[in-house]
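Here's the structure we're looking at; comments come further down.
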Amino acid sequence: MPKDKLKIGIYELTGCAGDALLIVDCEEELVNIFTAASIEAFLMAKSDNRHGELDVALVEGSVSTEKEKEELLDIRKRARVVVAIGGCACVGGPQAAFLDKKEWEKNLKKVYGNIEFSHSRPLQSKPIDAYIKVDCYLPGCPIGKAQFLSTFARMVNGNPPELFRFPVCVECKWHENDCLLNKDILCLGPLTLAGCGSVCPNFNVPCFGCWGPTEEANRTSEYYLLREKGFDTEVIKNRMANYSGTRITEFFEQFRKEKR
Amino acid sequence: MNGEHKCLAETNPFTPHPARIVRSYHLTKDVKFFQVRFVDMEEALRFDYKPGQFAMLSILGAGEAPFCISSTPSRPGLLEFCIRKMGTVTSALFELKENSFIGLRGPYGNGFPVEEMRDKDILIIEGGMGVAPLRSVLLYSLDNRDQFGRVAVLYGSKRPSEMIFSEEYFALKGRNDLECHLAVDADDTGKWTENIGVVTTLFRHLKKVDPENTFALVCGPPVMYKFVIKELIKLNIPKDQILMTLERRMKCGVGKCGHCAIDYIYTCLDGPVFNYWDVLHMRELI
Amino acid sequence: MRILKLQKKDLFPLLKVISREAELWAPTAKGDKFAYGRVLDFSRIAMDAVRTIIPPKKIMVPSLFNMFNFTEKGYQEDLSHVTDRILFGIHPCDIHGLLILDKLFSQAYLDPYYLEPRKKTLILGLSCLPDAYCFCKSTHTDIIEEGYDLFFTDLESYFLVWIGSSRGDDLIRLAPDFFDDKLTEKDIQTYTKWQEKRDNAFKTTVNFTRMPDLMELNYKAPFWEEVGAACLACGSCSMVCPTCNCYNVVDKLFLGNKPGKRLRHWDSCTLPEYSEVAGGENFREHKSQRLKLWYTHKLQAYVSKYGKPSCVGCGRCLVTCPVQIHVKSVADALEGHPVEAFWKKFAQEVSK
């Protein structure tokens, strides 16, 4: 176990700051969080933020401007370990989810017209691993308290987190829920990372995919399955895209290629 | 309802027993050597192992993983492990200082059939991390030299800097009671005095092989097996005397967690040592 | 073997007497399905439950539990899930499931986390009538000869109660007045009729004797790619299977000097990381390989070791898999019969 306190920085790029907020919301553990590590930078929780060397940087949000890209590259240089926290940092968030690659440029023009960007040039939103090497990913929109705390505790001890890589369905069955897909309900459990404790299906609410997609998410099979159950193509596509960020863009690109 | 509840602490096969790292040092850039001793001497005496068996090491907070034992039971007291930094548990292990606490349980697996191998010739073919399990049986056969026939070692590494236990193996070359042939795939130092080429190129240096009387022991990276086995078959070594030790994911070591299952066998119980016939018989083995 | 008669009205009073010293667990309604749960109010017991969503293995090894608390001083075992229980309403297939798990969890090394709760659980079996998905007659697990303490056969107005163990006999002795040991000719006729009715009620059959050979012969059959392509890798088939025993172990830490926990949770060989070793090498990267392992275990491997399949015909995979990859559809594919399942339609749809 390390003798000195780990130096940890918490950073926010483009996102709703929900993950940083969740950390601040860990009220009963806040003292332990600040005792276990030296929190060097955490804009939401403290002033006098230092920008020196770090053991661990927790980065929330996607990269959406040139300036954020530079900040991220700087964080990477200073930090031994970089952890992406939340859906935006992990996969890009809704701002990165386009069913078609060219959509972003069209949308930018539609919203901003032909203005000059003086502050910082906008970039198509991307997850942080589009620019830097990420050591681990803490998914969720926002991240979950229990999962954050156990990840934090492991990191303070010098170990990477051991997160579930399997889909929500596994946890859902641990809770002995009846399968919602089998009841013809649009549930994204099979495509979505576990770790939430299948909190929605436990209350008969289908999984909306907020923990982001699993590595092996079989969208094609689930798509056909949902089509067979009578769901509309657009409804399925949009639901799958919500929390999938750039993964859905990549998926549709691949899908179109295969169909051709 | 069925009588008193017995305390299981002593019989729980999953309990990691306290042990300490006595010594550790780098063998290569990403491979480290560890000497480990049980805190409780009785536990040390109970730990009666065979070459080729493995143990489960627990690193506080990082987790538990299987590691083959690199020491020989003929030198009791300390257990030795040769470990490459690969994942969470090994990374944490690499950070540990000497005298650090670890958990240890075992020994597990079948190990090499040393009783059957008695009076037979032993031919060891190893590549890279393959030395980790085979060092145990090599040291065992040297410590009990009179119990075995001829002993020969063919050992291949990628580069001189990646050769594990290089001092030990160069020292073996000086002995006249065994054959030891070393090779590297490529020499980036310009100082390598031994063979250059993959491990199979060492076969031509072997003195006469008496196939019926030989046990061939193979361990190395997955790509190695196919080519080595081809050579061994050419030498007419019977399929059930070609032994190899395999790696699988394991979470329990005692045939419960299922991860190491192949067909109807568990690598942790029925392996990790298999013969070539097992491999032909069970498709997924290598 | 002793067989006694128990009037239906006496069941709850009996349960009340025998559950004084142990928790009573039984199937209860969960939505339009059933789940085993602790029962304090006997009227909640679902006497008509054909199958629960999760088999009773969850009572022995919970889906997620702590094996050890650990500190820098060492590992302290945690067997807090072990308690005295009476499991009422378990059907023959699930009792067979437990018998199979008994073998797995006691071969070579004894697993106390399974065996201790198992030893402390009394098994009070209950007869059942099959629905369209039951195929326990094909697996010869429709009747039970061992593995129960008491077995209740439901003959409409009364039960025939089989006493299967000395501990079962102890239970009877707690309330002997409820039982009648005089069986009449009519009772035997009623029982025989009930048996006939049950035997004829099965709709699903699988020819298990042919499976080991067919698995071997079909090792490279193209349908494995089809099931692999449709499989959602959701792991549900393993979670609901009474004979799936696989688990994973993770170490969890807490802030503020609290001891760590070594957690054990159910795992499935259909999940991508199942056979992945440190460093990322995966021995079963493709879903078709993983499914093949699942079916090798159920239909072939266990047969070579113990002479019977590791399937008890409970029908849970049939009602659970969203894409209908289950023992029946795979067996049909192995036999070369036409397969009516989503995965087959999916294969045809995608190849268009």
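By written order: A, B and C. Residues from 1 in each chain.
Here is the rule we go by: contacts are C-beta pairs under 8 Å (C-beta built on N, C-alpha and C of every residue); 3 or more make two chains touch, one makes a residue touch a chain.
What you see is a predicted model; the values in this text were computed from it and never measured.
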Inset, instruction - Just say which it is for the chain contacts: an open line, a closed ring, a star, complete, or other. - result: complete
Inset, instruction - For the pairs A-B and B-C, output the one whose chains share more C-beta pairs in contact. - result: B-C
Inset, instruction - List the centre-to-centre spacing of subunit A and subunit C in whole Å, with centres computed as mean CA coordinates. - result: 37
Legend entry - Centre distance in Å when subunit B and subunit C are each reduced to the mean of their C-alpha atoms: 38
Inset, instruction - Name the residues of subunit C that each touch 2 or more other chains. - result: 250-251, 253
Inset, instruction - Enumerate the residues of subunit A that touch no fewer than two other chains. - result: 154, 157, 159, 162
Inset, instruction - Could you list which residues of subunit B touch at least two other chains? - result: 60-63, 88
Inset, instruction - State the interface residues of subunit C toward subunit A in the complex, per the touch definition above. - result: 30-33, 35, 52-54, 58, 63-64, 229-236, 239-240, 250-256, 265-266, 268, 271-273, 287, 319-320, 322-323, 342, 345-346, 349-350
Legend entry - Contact footprint of subunit B on subunit C as seen in their complex: 21-22, 67-68, 70, 72-75, 77, 79, 82, 84, 104-105, 107-113, 116, 119-120, 122, 167, 219, 245-251, 253, 260, 262, 267, 269, 274-279, 281, 283-284, 293, 296-297, 300-302, 304-305
Inset, instruction - Enumerate the contact residues on subunit B facing subunit A in the complex. - result: 60-63, 88, 91-92, 95
Inset, instruction - Note which residues of subunit B are touching subunit C in the complex, please. - result: 1-2, 5, 8-9, 11-16, 18, 58, 60-65, 86-90, 101, 103, 222, 247-249, 251-252, 254-259, 261, 263-264, 269, 283-284
Legend entry - Sites on subunit A touched by subunit C in the complex: 29, 31-33, 35-36, 149-150, 152-154, 156-157, 159, 162, 165-167, 169-170, 173-179, 181-182, 189-191, 204, 214-216, 218, 220-222, 224-225, 228
